[in-house]
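Take a look at these structures.
Same chain, two partners: subunit A is paired with subunit B first, then with subunit C.
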Partner chain A sequence: MQTKMISIAKDFSTTPAGRHAKFHPASGEAFRDSILLPALRQGVVTVDLDGTAGYGSSFLEEAFGGLIRNGLAAETVRQRLKLKSSMTVYSDRIWRYIEDEAERVAA
Partner chain B sequence: MKKTTLRRRRHLRAQCRRAQKKRYLLSLRRSQAVARFKRKRRATARSLRISILAPDPIFARTDVDRAKLMRFLSKVDAHLSAGKAVHLNLSKVENFHACGTLMFLSRMDIWLAKYPGKLTGTYPANQRSEELLQHVGLLRALGLTERCAVTHENVRYWHYFSGKMGDAAVYKPLTEAIRDSIVHPHSQLFGDCLNEAVSNTVNHAYGFETEDLPPHDQRKWWMLSEVKDEQVFVAIYDWGVSIPASLRRKPEWKDRFKPRHWKDSKLIESAATSLWTSTKLPYRGKGLPEMVEFSKNLASGGLSISSGMGSYVYHADGNRFHRHSFKCRMPGTLVLWQIPFRKERQHANENDLHS
Partner chain C sequence: MAAFLAQYGVLIAAAVAIAGWQVSNWQANRRELRKEVRQDISDLRSAVERVCAGVREHQKHERSSREAALASVAVQQDFVLLELRLARIRERPRKSKSDVFVQEIRNNQERFFDLSTGDLIDGSVMLTPDQVQNLVTEQHVTAAQLEHGLMKFFFSEFDAH
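For the complex of A and B:
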């Protein structure tokens, strides 16, 4: 299984924001569908969250919580997704969004 | 050749004089007609162009000042939509506050796109006001020459952005310059809050049609920042359907609030402090609560969310919230932060903002 490193700032945008690609050029949906989801389907992914001008909960929820809504099993996400950030608040939020969505899907 | 008789010569001379007189009278009449036409055209233009005095202060957080500002904006709106040209008399304006100024500038943006060539204006009498209007590009938009250098300390920190999409790259210079200088334990999260505020506008502000929405190409967000007295004010505004109208429209909200007839301020509080949203989706609606959470860690200043006839305000001094009802309705939604700003970083960041 391959391991991939994704830097949001370098590989996607330094100004990620918003939920849907329709309204936001660097949205969570665009990041998830074009970069994160294909990479996670192939193996372990480390996402580097540093270097951007901020995120916003809409982006983080859609990019990471949206993985579960888009058919990836919660267990697969837990095993394959690694987060790298100088601010633990982002990692905490992302895991909370993933677990919340996993609970909702399971219910 | 037959010699012309004296009588005949006199007759020809008289005929020539009459022709000359006729030509002279014709040209006189023509020039008089042109002058009359010009006078009439000037008079018509005068009657079609109205001068409207802008209020002072340009402020939207007290009932009296908001009512004055809304009357001014409505009056301009009414004349422009009636096909008249409007001359904005800005001579008396001395006090621009981020809240009211953003409402005024955003409306100007809509008018200039909707009624091109119909708006003119005067220079403000006050030097600082002129610098400010020049700095945000309003003088140029009104066809006035930018004749002064922007030197006033307060004015240099005003920054004005707008957009239709939720593109954080538009206001990235502001985010990066401010977030390192605000007094907050997690100042880096300021960018998140700005992104959420803009995202909320893009996603929800123009969610359904009402009579008073701007034209489709002008359904935007507007942002204004101001640094004053070691505080940074960041205002985000939209001319959308307003939070209370948006929530009241949803069937599940109608059921919830029908017996209680909640006021606008109470509805805004609910949207800002709970995870209930107009979308009904359980994973949505984190934007406003996230802004409130961020504001709870401020040492002073606070957050104000105004929409419709209500507002919900968090005061960091004393960690208290209060709801306020206005008599005068505010179209759309205004989010205003007041955040302590480190003086020592202020000058360092000036270059960042202007680079």
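For the complex of A and C:
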């Protein structure tokens, strides 16, 4: 299984924002569908969150919580997704969005 | 007694002076630390207020406008400052009785993050005026709880016995 490193700032945008691609070119949906989801289907992915102008919860929820809504099993996400961030609030929230969505789907 | 003082008087005087200096030095360090943490908390409260103001600014503009996008980025940047300052408070040595306040601050910070940077300023989701009002009210309540938690932490660390 391959291991890939994704830097949001270098590989996507330094100003990620918004939930849906229709309204924001650098949205959570765009990041998930064009970069994150294909990479996670291949193997282990480390996402580096540093280097951007910050994140909104709508971007993070759509990008990461949206993985579950788009058919990736919660267990697969837990096993394959690694987060690197100097801001623990982002990584803590991302895991919370993933777990909330996993609970919602399981209910 | 006189013989004892004659023999050890100088040593006793030196020991008293050293002990006094140590107490005075500890108190001075404690005062400095108190000032630093107080300043951090004051900066944090300003950042919380800027986030609330940024969301209000965002609400004034057409949701797909450049001004709304700039206000949204400004809110995200204020959150970076907020997180860095809060990390300093979380990571500094503290009394164990303050742990409960640090956790309370963290919970409110995360709630505040969700409310301030979510659908209110996302622009993708069309909210009714009532929904906006409810979210803004909840955001302000959470901001007040966050600030209150910071003050409780401060008093727990420096003013309680």
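Throughout what follows, the second predicted complex is superposed on the first by the 107 of 107 C-alpha atoms of A that agree within 3 Å, B and C clash if a C-alpha of one lies under 4 Å from a C-alpha of the other, contacts with A are read in each partner's own complex, and residues count from 1 in each chain.
By definition in this document, a residue touches a chain if its C-beta (ideal position, glycine included) is under 8 Å from a C-beta of that chain, and two chains touch if they have at least 3 such contacts.
Computed from a predicted structure; not experimentally measured.
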Clash-or-fit label for the pair subunit B, subunit C on subunit A: clash
Which superposed partner A:G71 touches (first subunit B, second subunit C, both, neither): neither
Partner chain in contact with A:Y55 - subunit B first, subunit C second, else both or neither: both
Touched partner set for A:R96, first subunit B, second subunit C, both or neither: second
Which superposed partner A:P25 touches (first subunit B, second subunit C, both, neither): first
Subunit A: partner with more touched residues, subunit B or subunit C: B
Touched partner set for A:R104, first subunit B, second subunit C, both or neither: first
Contacts of A:T88 with subunit B and subunit C, given as first, second, both or neither: second
Touched partner set for A:A17, first subunit B, second subunit C, both or neither: both
Subunit B clash site on subunit C (candidates 7-15, 25-33, 97-105 or 115-123): 115-123
Shared subunit A contacts, counted only where both subunit B and subunit C touch the same residue: 15, 17-20, 23-24, 27, 53-58, 61, 87, 89
Interface residues, subunit C side, partner subunit A - complex: 64, 69, 72-73, 75-77, 79-80, 83-84, 86-87, 109-110, 113-114, 117-119, 121-125
Of all residues in subunit A, those that touch subunit B in their complex: 13-20, 23-27, 52-59, 61, 65, 69, 87, 89, 97, 100-101, 104
Residues of subunit B touching subunit A in the complex: 165-169, 172, 175-176, 179, 186, 188-196, 198-199, 202-203, 282-284, 286-287, 290
Residues on subunit A engaged by subunit C in the complex (per definition of touch): 15, 17-20, 22-24, 27, 53-58, 61, 87-89, 92-93, 96
